[in-house]
Structure formats: structure tokens, C-alpha cells
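Here it is: the structure, laid out below.
Note that the chains take the letters A, B, C, D, E and F in the order they are written out, and that residue 1 is the start of every chain.
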Amino acid sequence: MIDKILLVSLTLFVISIAIALFRIIKGPSMPDRAVALDMIGVNLISMIAIISIVLKTKAFLEAILILGILAFISTIAISRYIERGAIIEHKSDN
Amino acid sequence: MKINDVILRTISRIVVFIILTFGVYLFLSGHNTPGGGFIGGLVLASAIILLYLSTDLETVQKSLPLDFKYVAALGVFLATSTGFGSIIFGVPFMSQTFAYFDLPIFGVTELTTVTIFEAGVALTVVGVLVTIIFSISEDGG
Amino acid sequence: MFSINLVILIPFIVAALLPFSFRRFKKNHLGWFVLIVPTVLFVLLARLIPSVADGKTYIHTYEWIPTLDFNFTTYLDGLSMIFALLITGVGSLVILYSIFYLSSKESLQHFYCYLLLFMGAMLGVVFSDNLMVLYVFWELTSVSSFLLIAFWNHRQGSRQGAQKAMLITVSGGIAMLVGFIMLHTMTGSFSIREIIASVSEISDHALFLPAMILILLGAFTKSAQFPFHIWLPDAMEAPTPVSAYLHSATMVKAGIYLVARFTPVFGADEVWFWVVSIVGMITLFWGSFNAVRQTDLKALLAFSTVSQLGLIMSLLGLGSIALQFGYSADSVLYTQATFAALFHLINHSTFKGALFMVVGILDHELGTRDIRRLGGLMALMPFTFTVALIGSLSMAGLPPFNGFLSKEMFFAATVHIMEVDIFSLTSFGIIFPVVAWIASVLTFVYCMIIVFKVFLGKPQPEKLDKPIHEAPIGMLISPMILGALVVGIFFFPNLLGQYILQPAMGSIYPTFGDSAYLTPKISAWHGVKPELLMTIGVIIIGALLYKYLKLWKPFVYGFFPSIFTFNSLYNNLLASSVRNSNIVTNRYMNGLLRHYLVYIFVFFIVTVGSYLLYSRAFSFDISTNASFRVYEVCLVAIMAAAAVSMLFAKSRITATLLNGVLGYSIAIFFVLFRAPDLALTQLVVESVTTALFLLAFSHLPDWKKENLQTRTKLINGIVSVAVGLIVVLIGLSVVDFNQFDSISSYFEDAYELAGGANIVNAILGDFRGFDTMLEVVVLFIAGLGVYSMIKLRTKKEDENIEDQ
Amino acid sequence: METLIIMLIGILVAVATYLILSRNIIRIILGTAVFSHAVHLLILTMGGLKQGNVPLLKEANAPYTDALPQALILTAIVISFAVTAFILVLAYRIYQDIGTDDLDELRGAKDE
Amino acid sequence: MNNLIVLPLILPIMVGVVLVFLRPYIKLQRVFSLLTLIVTAGISLLLLNIVRTDGIIRLDFGGWEPPFGILFVADSFAMLLVLTASIVTAICLIYAFSSIGERHEKMYFYPFVLFLVAGVNGSFLTGDLFNLFVCFEVMLLASYVLVTLGGTKRQLREAIKYVVINILASWFFLVALAYLYGTVGTLNMAHISERVAEAGQGPLLTTISILFLIVFSLKAGLLLFFWLPGSYSVPPTAIAALFGALLTKVGIYALFRSFTLIFYHDTLISHTLIGIMAAITLIVGCMGAIAFKDVRLIVSYNVVIAVGFILIGLAVGTETSIAGSIYYVIHDMIAKAMLFLLAGTMIYLTGKSKIDEMSGLIRNYPLFGWMFFLVTCSLAGIPPLSGFVGKILVGQGAIESGSYILLALAFLSSIVVLYSLLRIFLNTIFGETIISLEDEKPMKMGMIIPIVLLGIAMISLGLGAEFISDYVTDAAHTLANPSVYIDAVMGGNK
Amino acid sequence: MSVISAFGIIRLPDVYTRSHAATKSSTVAVLLSLTGAFIYFWVSENLVSVRLILGILFVFLTAPVSGHLLTRAAYRSKVKLTENSSDDALKEVLFPEDK
């Protein structure tokens, strides 16, 4: 039972990633894509969580945390880029 | 055009410390669970990058007055010299040793020369990553 | 004990000292100092003549590279003695001559250094028993002659001539080297003596013929045989002492030496006989034919040298037929051709040396060598004229000069050869005396040109830049000595025959027993025989032809416009190869990275793909695969979609993000495939890479739409699909190939071995820690490299020189 | 599963090849990046998929999956990262100094 | 076990890292880097002699026995190359002292050179296929940096091509490696060889071997040399000389190693292919060498020719021809370094790079001119200079095995080499001088000394071929009999 | 517990149509599934995973921030790129800017 549910949920996550991917490809605007990427990252976190349940291992818990961190950092980076063109800036620019 | 980054900065301050802790944890636990010097280094580096992102170049430079090239060089030096050490002891190059110690607080702890090696790796990764990013952004200014 | 090796080395040693010590001598004394070397050597060698004449040989070996059987073995026998005497003897005279010829303003230390180098190399060639050492010296003669010819290297002509000589002789040398190596493969030895001893075993070998041809190529190029003779006239750009030395007595004779030396090895073969004699004959004719048309005296002499060398060569070829018959009373008759060759060799050195020196005197004193500007010098330069007359008449084959003797023997040999009934000589043999006779007629004509046009007739001082006057006595000494020899040999030929030629014959025909039988008595008069009639014919027809030169010369030579000469062939070959190479190379090395990559991919597709199909290496079995789930298929589909859509991404950010998606999805696969460390690393690295891309983007332009032609797109598409396909095919086959277990089960004891529970990390940190260490180094280099690439910029002024 | 992944690798390689054959530097760099992804997957696949547990001795029981390819990939990832970083900066410098990101304009002066 | 083996790799790396800290002290950097290379050369000489007396030695890193750990294997072939590489690099460094300029020196020029050497030495020594990849990368990254160091437009332009092609080659390397691991499940070269022998080199393994052939050919410049002429002609002279001497040799080494140790069973396909590739390389290289007037390009194409020549020794595949190739590799490293230094100096002295724009240098710089003549003769294989022994042995091997076409091409190529270099020599060194006394740049001692040193090395290598012939014979023997190597690696711990 | 997580996930696809909402809902999904995993390990292996708690905390902390940043970025970039076809939700953001 649980296995089935996990499987279904995994599939659903994959589908949502696919939709997000469609958004990235299609656009139409840059923020759309960024949002979609962010979403993919977040979906991946869930997927890893579920997979580690499936595989019955704790080995991937670090990955979850890292993915969380990175999703955050890359989202910031991308938004910075969209916003300002450069992702790290000098004080003097301001 | 000044962009108000208060939210970001506030949250970064907390997050950076989480990341740093996590990085150190990854680095230390690498021998038995996923992690290790390389990933640890990467995570540490990303913490620093987050600092750069949330503030600006000069601020970080002020708070972290390090030349990261030297950090990287130090890392490489550490990594190679653990190998080199074994030459002095007359065992094959890169021989690693390990021993278990029963330390009061941590329980049975393993101390290995690999840790030094991994520390070297981590330092290099941090140093190189920051150097690269720093050079590009500094130049682009 | 006296060692021949030393004889070879002395010139080299002195040559090496010269550049350092020349300042100690007052400039003009340098030549005197150098003169000691060949003279001493000559005397040393001459002292050995009697013992060599008794059939004694001297062998000395110094080890050079014994592992490879390259040993510095010298071998002094009759044959090498002749050449060594010529080299040192003529060498002394030439140096003596050059002391007066070259002004002390020239860089004499260089000149003498090259000359000694050359002399040493020549001695090395004739004394070496080891083929490789012989080759060493052989190439050294090419190099040193290159330097000598290019001595006046500020002249365009000198450089061209030197280049031509070097290219042709070195090419020949390389061919010869291959021949030597083949000989070594056949016999297992580099020693000429040993090869000669084992000749019976190799004559059926498949390599025998190629080796012979290749060695002959070497000999022919060096001896300026047709069609390789073209370098010799151009080499006349050298200072005259050099021409006198190189082109009368030494360098060009190296080829002759080689042919003579190898006659015992190859001589019994039909091909050898035909090739050597026919090439010699053609050269003989072609050289004399061209000599007549020359107006530059030196060029005339050059072609005459070519012609005379052809003569000697063909004689050697004719003489080799004796080996067909083995030793018998009949065959001795044929060895006379060889004898004549050796005899003429010496004679040629004497009279040609003299003639070159005479031309040098003219050039030096009058400033020109153009026949059309000279004339009537007889009265004004009596000594020069005498020497020239002796030389020319000897060359023309008139008594009482030594040329007459050898020319007679030459005619005799060609007549004898007609009577041999092997090699279908009965039907073709007639060509030898005919060609020989025609060539001799032409030889007679150009000899007359030298004598009459230059020295007789009206003086033409108005065409000269300098007043006509006799040369200083020092300059005349050498040619006069040679002239005296020309006459002397005519009167006492048998002295030469007995002491010098006879032992040499013994070396050429080692199987023929006592060499005394091989040595005929040379006499000026031996009754009215065909050869005498031929000589008389030569004189009569030659005289007639000379008289009516103006009538037939333009007519005959008009048939041969210079376009069709080998010379222009050579020039065109070089020029067109340069041009075509340029076109071809520029065509494919066009600086377009895409093209290079296409070449590489296509090569990959062609080799790997075709082999894959040809060998049926492809095998495929799905049953061994691990199972898969629906969501995994979906993931694969997502990745594929992401990848493909990267191709059509409108903006770089989209593409980069898609790349990020790819990276993240791969991380998921790593998770699925139970690789936690990988997943972690992949995630972080992917993010950092994406960040880097974004960082760099802020400094890069947004990308333009690629305006590729459909054809380009098509090619790209086909190439990429093919590459992908091949990777898939091999991959599937590899998965199906399940023969071995991986070594990694060993690492499962990681905790005991390395104290780590994380196998991957134990491998990284310990089992394969070395990789990790280097990987860190790689990373470090990249970081440092990025830093210095950004920081270090060229200043504008540096750019100018580099970037033109 | 292996077959599936190898197909995927094939697609990735084809895409990478196509990208590398472009004129734009960024596309080329992306191409190399995609290529590196494909290679990493390939190494993993060649080591065998899903044939054991996570290679962590304390957390799982034998049999373990082949750990060696994982270690190799880790090294390869780092190297590919280093290389990508370097070439990106190179592209950036080229644009700064020569002012183009189009390789057709980087042919170089022909000799003669 | 002998920890000395690792020193040729680790010493340059460690010193290189230390030099990063010594950035402002250029003098110190010079001394250190030169000293390192001299020490490395000394160590390799020592090792070479140990190998001769004791046979192949190996060092298992961390004490992990093969095939599990990584190991360095020192056989004569590897040590000879390491020795030559160290010496040549040291000499190029001396040249760099006076030519490279302070700005480069401050930008970590010396560390990069040391890393390059480390990568090269590592590639020669390693006995592990993946480690070979890593060593390649160390070398390549250092070379990427060195190509771009200075950042002139031409450098950047050619660097991108160089880098992209080499990255591609690296990924192909990994692809091939993955396949090989998938089939034989091991990475140690000797172990791979054992397993390949066990399985019989079937079609699949041969396919993989062709993949390796392509990969190493890309590095060696065998047929797929498109990156070579451009990238060799742009960097500063000392760097170009290093490249000319070292980079392709690593690929050549890898080709030799892999096709004599691992894939030696089915020689029909692979060696024929190598032969064809070598032949085409020779032809194309020859055309390139005479096609251009730019000295740097002529010289670069000469590298291509040499690669073709050396690989003919492998294609022929007899012990003699391999010995010849080894001689020739050593000779080529020295001669190419010298040639590049000469070409660079020529450009430095005249400020021009086309041969018809220069003339008469011998009047201004006689020693320089003679050195050029020396290298011309040596490369054309004129005895008794260094090129000659190798040439003869390769020819001998080709004759023994009846590969006459290769033989002909190999020997014809040396005529083209001679022609291409004579063209330079006659046009630039000989002839009327174009530099007046006032304009004459003084020849720096630091430039001419390394050239002369290389010249001396070249002469002594030719005359004293006997001194290395033991080593070369031993190296060729090991290559021709893979079991020697395998036994040394797999047969217990020494 | 897995039902809860599944519930969170099923919600996702149909919520996607509005781009900004995506962040919020997916965050919820993540939190739910992480909690699910946490509970799973707690129940099955009796292990309180610090890392998972940390992860939950982290996502909880950062998701709003990143959402905020993205929205603002969208806002700002829209200001710069005026003529861009976009859907309704974005048009609201497009009012005249002070610049």
C-alpha cells in the first residue's frame, strides 16, 4: 500500500517537474523561467525525500538539505541577475 | 538605483550560519556518511557566495579579509604534504593511518590523517571558488 | 701505432680549433697553418703505399654504439688508398692555391674550417668499414659542401645552389641509408667486409634489388649522375678552390667510390650492370652535350665534370660484368674496364683540378669567366695558358697526356662489351661504343672551346673590368703541379698501375685471386686497334664540328628550350609544392573551430562506426537490465526534452537554466542509483556552474540568432546524431559484455582497511587519494588561471609586434 | 533501465555535439557541459545500475553497488567544473578583448 | 616500494604551491623553480639507473596493492621521458628568465610551468588509466593557462580552439574509459591488460581501443592535430618551446603504452589504422611545413611531422622500431624545444615573423645562426646528431616487417623537414644583413645560453647514443613484451 | 503520513497555472513530504533525523525570501522590458514606474 502511494506520488512529482520544464522552455518571460526552476528544485527535494523512503536509507538526507540551500542560493542569484544584470555588485555602484 | 535588500540580508545572516555549520558537519562526517572534504568545501564556499550575493563585494571583503588564492594554495599544500609526510615515515606515498580514540565527550572517535587531507581539499575548494567568482565580479565592475 | 682513425679525426680536430684560435695567426697565415694538415696526412698515407701494394690492409675499430653495431671501424685497402691520396693530395694543392686566391678580408677561419670538415668527412667516407659510420661521413660531406658552396652566402645564387646541392645529395644519402639498413637486415652486419663475405647468401633475397637501387641512388646523386646532375652546375657559385676540390677530386668521387666499393656485393647482378653503365652513359653524353653550349667557363667545366663522372661510372658498370663469369682468363679482359675507371679517376682529378684552378685564376685576375668576353690571353698569361692547354688536351683524350691513356682504355672496354653474349648484350651492346664515341666528340669540342676561345683569338680588353696580367706565382704553383702530373702519368703510367691501382683492383674483385693478373700494362701504343681508330675519328670529327660550331649550335640546342630541363623541373617542383601545400593547408586549416571539430567527429564516426558495423561488435540483450519504473521513464523523457530544447533555446539564460535542469535531473538519477555523494556534489557543482554562467553573462552579449545555412545545419545534425548513435551502440554492447567482476568488491572492506564507512569517500580519500590530490591541483590551477587571465592584460605596445 | 539510460546518454551526446558545432562560444561551452553530464551518467551506467545498496557500510547491508565509478565521477565532476569555469572566463576575456562571441570571427589572420 | 618515484610529480606541485606564496619575490621564484627541475632531473637519472639494475619498480600509493590502489610504475621508457622532460623544461626556464617579462612572472608563470611538468611527469609514470586522465588534466589545465597567459588577441583566439578541442578529447577519454571499465571492470593498466588477454581482444574491445586511439591521437597531434599549429605559434617563446617539447609527447607516450601494453592482440586493425594515420600525418605535416612563410607556423608543422614519424615506429611495432621511436622521442623533445626557442628568438631580434622579411642574421648573431643550422641538420636526421639513431632504428624495424610505404614516407619526410628548415635558414640566417649595427638588439646571454645547452645536448645525444642505448633497449624490450610490465606490477610487492 | 504528502503533491499540478502561486504551493508540498519522510524514519527506525528537521527549517525560512526576490525581480525587469507579451497576472505588475 505505502509503496504504491509513494510510487504514485513520485510519478506526480515527475509530472509537475515536466510541467515546470515546459514553463522554462516556453517562457514567456525570464521570471517565469526562474520560478519554474525554483519549483523544480523544490520538487526535487520532495522526490529525494520519497526516494529515500523507498530505498529505506538515510543516505540522502544531506542531499535534501543541500538542495534546499542551493535552491535558495540559485534563486537569489537568478533573481539578482534578472533584476540587475549582475549577480554580485560593488558598493560603488549603488 | 539602490535596491532594498533588508529581507534578504536578514534571512541570509541566519542562513549563512546554518550553511556553515552544515558544511563543517559534512566535511567531518565524510568518512562514514555522505560528505567529505570536497562537498564540505563546496558548501562552505556557497555560504560565502551567499554573503556576496546578499551584500556586495566590498562589505564581504571587509569582513573576510583573506586572499582566497592563498587559502587555495594552503589547501593544496596541506593535501600534498599529507602525502609527503608518509615519505618521511618511509611508507609508500599517500599512506593514510587512522586510530580510534576514546575521547570524553565524543565517545569513540576516529582520528585519521585523511582528515588533514580532506581539510586541504576543502580549503582548496573554498579558495578556488571564491577566487574565481571574486575575480570575475571584481573585473566586471 | 699509427691509426687510420686518427687520419680521419685530425682534420676535424683542427677544424674545431680554428674558430677559436684564428686570431692568433695573422690572417694570411691561417692558410699556411691549415696547409700542414693535408700535407702531413698525405705523407703519412703515402708511406703506407708499398705495404698496401703488397696486399696488406689496416683495420682499426673504436666502439661508438656497440649495442647497435655502429662501430668506428676504419679499413685501409687499395681502393680507399687511391681516394685518400686524392683527397689529401689535391687538398694540399687546393689549400695552397686558396691562400693566394682568397683575400684575407674574407672570413678565412670559416672557410678553412668548412674545408677541413669536408676533408675529414671525405676521408671518413673512404676509410669507413661500418656502413653507418660511412653514412655519417657521407652526410657530413653534404653538410660541409653546403657550407662551402654557400660561403658567399650574401649572394642569392650561392644560397640557391647550396640549397639544391644539399637537398639532392641528402635525399640520395637518405635513400642510401635505407639501402644500408636493408643490407643490414639481410646480412645482420654493418661491416662492408662482412657483407662482401656473405654476398652469396643474400643475392636471392627479396630486398637485394631494392637495396641495390637505393644505394645506387645515393651514389648517383652524389656523383651528379643524370638526372641528378643539376645540382653540380649551380654549385659553381662556390669560390673556385672549393669547386676545384669538391668537383674535381673529392665529393663527386664519393659516389664513384661507393659504386666501386659495392661492386663485389651487387656487381654480379644484371640490373647493376645495366643501371650503372646506362646511367653512366647517359650522363656522359648529356654532360658533354650541355657543356658545349655553356658560355660560363665554370659551368662548362661543371658539365664536363658531369660528363667525365658518367664516363667513370659507366666503366665501373661495364667492369662489373666480369663478376658474371667468375675468375677466368676471359673475364680478366672485362676487369680492364674497372681498371680504366680507376685510372681515369686519378687522371680526371689531375686535369680537372688544374682546369678549375685556371678558371679561378681568370676569374680572380680578370673578373669574369664569360667566354664571350675573353680571348687572346695566350700571350698575356703564358703560364696559365700552358696549364689550360695541358688540362684541356688531356681531357679531350690526346697524347701525350694521361687522358689519352684512360680514354683509349675506355673505348677498348666498350668495344669488348659488345662481344659479350649475356644480358642480350649482342643486340644492345652496340650502343656503348656509339654513345662513348659521340660523347667523346663533344668532349673534344668543348675542350677546344676552352683552348681556342679563351686563349687564342683576339684579346678583348674592352669587355674586361681589369687589365689582363699574369697571375701571381703562388696561385700558379698548384695548377702547374697538377699539369706536371698530367704529363708525368702519361709517361710513367705503370708506376701508378702497380702501386696504386693494382691493390684497388684487388679490393674490387676480392674473389679473383692475385690482383696482379687484373692489372694490365698500360701503354700508349698498342697497335692499330678499334680504340685508336675511334680516337682518330674523334679528333677529326671534333675538329670539324668545332670549326662549324656557329652553324649547328643554335640549331641543335634550339630543340631543347630551358623549360624542359631537369633544372626547371626541380625548380617547378619546389615552387609548385610550396604553392599547392599552401592552398591545401589553408583549405582545411581555415581557422574555423567548427570545421576542425567536424573533422574530428567525422573521423570518429568513420573509424569507430565502420569498425563497429564491420566487426559486428554490437550485441544487445535487454534481459540483464535492471527493472525500471514509470516515473523513471518520465524523468528520462524530461531530461531528453530539456536537452533537445536547449538546441532551440532563444536566449542563453534559458539554455543555461535548461542545463541546470539537466544537472539536477542527473542528481536525481544519482539518487536513484544509490550514489549519495554524487548527488550531493552534482547538485552543488551544478548550482555553482549556473551561477558562474550568470556571472559571466553579465559581461557577455546576448546571443544573436545563429544564421546557419541549411546545409551546415544538416551536417551538424547528421554528425551529432551519428555520434550519439555510436555512443549508444557501444554502450549497449558493453553492458552486454559481462565477463569480469569489477575490482570494487575489494573496497567493501573499507572500514577495516581505511577506517571509513563511506566506501566512496574511502576510495576518494585513501584508495585513490592520489587522484583526489591531483584533482585538487587541477582545481587550483583553474582558479589561479582564471585569476591571472583576468588580471594580466597586454599593454597596447606589446601587441603590435606579436599581432601583425 | 540500462538501455533506457544509454539511450538518454545518446541523446545527450547528440545534443552536446550539435551545440559544440555552433558558432557561439556560449553554446559551445554549454555543449561541453552537457557532454560532461552524459559522460558522468555513462560512467555510472557502465559500472552497473541498481545492483546493490548504497555504498555506506554502516547504513546498509551488502551487496553494495559499485562504488568505484562513483568515486571516478566525483573526480570527473570536479575536473569538469574547473574546466568549465576556466573556459567561461576565457570566453569572457575574448569578448572583452576581441569583441565577439562568434567563432567565425575568430579565424585568425591567414598566412600569405 | 620506492618513494622516489612520486617525486617528479609531487616536487613540482609542492614547490609550485609554495611559489604562489612567494609571488613578489621573482628572484626567489626563479631559483626555486630551476632548482626543482634540476633535482627532478637528478632523481629521474637515479631512478633510471635503479630501473636498469633492479628492473621495473613501482610505488603503490597508500600501500594499496594493485589493482586496487593507484600506483606509479617506473620503467625505462617512462623514466627516460621524465628525465628528458625535466632537463628540457629546466633549459626552457632559463630562457624564460630573460624573456618572459616580469608581468608574467608575477602572474604565477613559474607555478604554472611546474604544474605542467608535474602533469607531464605524472602521465609518464602512472600505472592507472584513470589517474592518467587526471594527470592529463593537470597538464592540460596548466597548458590552457599558459596559452592564454599574457592575453594578447592572438593568444585568446587560438586558445579557445585549443581548449575546446582538448576538452572534447578529455570527454572522449572518459567515454572510452567508461566503456573499458564496463567491459573489464578494472582501472590498473597491467590488470586491464591481463583481463583483455583473458577475454581475448574481441571486436568490442577493439572498438574501444579505436576510441582510445582517437583520444590519444587528439592529444598527440596524430592526424587530428588541428589545434596544434595555432596554439603552438601564439604563446611567448619559452612557453611555445615547452609545448613543442612536451605536450604531444604525452599523447605519444599514451599511445605507445596503451597499444603495446593493453591492446596488443589485434594489431591488424589498430596498428594498421595507426599506420595510415601516421602516414597521412606525415604527408599533411610536410605540406604544412613548406606551405607557410611564418617561422612559427613552419616550426609548428614540424612538430606534426615528428609525431607522424614517431608513430610509424609504433605502427610497425617491432622491438627495433619501438626502440627507434624512443630515441626519436627523446631527440625530438630536445630538438623541438631548441627549434621553438630559436624561432622565438628570431622574432624577438627582428620584430618580424615572415621568413622573407628577415635576412642575414648570421652576421649579427653568428652563434645563433650556427645553432639554427645545427638543429636543422639534427631534425633532418643528419648524423651524428641526435635524430639519426632513432631514424635508422625505425627504418630498420619498418624493413624487418616489410612496411615499405611507411618507410618511404618516413624518410621522405626528413627531406621535407630539411627543405622547410633550410628555407628558414637560407632566408633569414644567411644573406645580406638587414639589421644595421645601431639597430642591433644585443643578444641576451639568457637567451643564447639555453639554446647552446640544448645544442650540446643534441650533439652529445647523437655522439653518445651508447650511453642511453642500454636504457632505450630495455624500454623497447618492456614495450615489446608486455608481460614484463604486467609481472612487475601484478607480481606481488617488492 | 504518506497520504498527506501525496495530498500535497496532487495539489501541485493544477495550481501551476498561476506562476507565482506555484512557489507557495510547492513549498507546502515540500514541507509536507519532508515531514512525511521525517515521520517515516521516526516510526520505522526510531530515529530523529536532525538533518531533516534542519532541512524543513531551512525550506521554511528561505522559500518566502526567494519567492519575494523573484517577484520583485519580475517586477523590476518588466519595468525595463516594456513590450513583452505576458499574461494577466503579470500585467498587474506593469503599472508605471517612478523611473
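The rule is simple: a contact is a pair of C-beta atoms (placed from the backbone, for glycine too) under 8 Å apart; a residue touches a chain by one contact, two chains touch by 3 or more.
Small disclaimer: the values here were computed from a predicted structure and weren't measured.
Under the contact definition stated at the top, the chains bordering both chain C and chain F are A, B.
Interface comparison, A-B versus B-C: the higher count of C-beta contacts falls to B-C. Central chain assignment: E. Criterion: smallest distance from chain C-alpha mean to the mean of all protein C-alpha atoms. Averaging Cα coordinates per chain places chain D and chain E 27 Å apart.
One simple way to say how far apart two chains are is to compare their mean CA positions; for chain A and chain F this gives 9 Å. Once the centre of each chain is set as its mean CA position, chain C and chain D turn out to be 49 Å apart. Residue positions of chain A touching 2 or more other chains, listed in rising order: 13, 15, 30, 34, 52, 55, 57-60, 62-63, 65-66, 69-70, 72-73, 76-78, 80, 83, 86-88. The residues of chain D that reach two or more other chains are 20, 28, 42, 45-47, 53-54, 56-59, 68, 74-75, 78-79, 82-83, 85-86, 89-93, 97, 103, 106, 108, 111-112, listed in rising order. Counting partner chains per residue, chain E shows two or more touched chains at residues 13, 17, 20, 61-62, 130, 134, 137, 141, 144-145, 148, 151, 153-154, 160-161, 164, 168, 175, 179, 181-182, 187, 230, 292.
Under the contact rule stated at the top, the pairs of chains that touch are A-B, A-C, A-D, A-F, B-C, B-D, B-E, B-F, C-D, C-E, D-E. Of all residues in chain C, only 629-631, 634-635, 637-638, 641-642, 645, 649-651, 653-654, 657-658, 660-661, 664-665, 667-668, 671-672, 674, 676, 679-680, 683-684, 687, 690-691, 694-695, 697-698 touch chain A in the complex they form.
Those residues of chain D that touch chain C in the complex are listed here as 1-24, 26-28, 30, 33-34, 37-38, 40-42, 44-59, 62, 64-68, 70-71, 73-75, 77-79, 81-86, 88-93, 95-97, 101-104, 106-108, 110-112.
Residues of chain A touching chain C in their complex: 7, 10-11, 13-15, 17-18, 21, 24-25, 27, 30, 33-34, 37, 40-41, 44, 47-48, 51-52, 55, 57, 59-60, 62-63, 66-67, 70, 73-74, 77-78, 81, 85-88. Contacts from chain C toward chain D in the complex involve residues 582, 586, 590-594, 597-598, 601, 620, 622, 624-628, 632-633, 636, 639-640, 643-644, 646-647, 652, 655-656, 659, 662-663, 666, 669-670, 672-678, 681-682, 685, 688-689, 692-693, 696-697, 699-701, 703-704, 706, 708, 716-717, 719-721, 723-725, 727-728, 731-732, 734-735, 742-744, 747-748, 750-751, 757-760, 763-764, 767-768, 771-772, 775-776, 778-779, 781-783, 785-786, 789-790, 793. Every residue of chain F that touches chain B in the complex is listed here, in rising order: 54, 57-58, 61-62, 65, 68-69, 76, 99.
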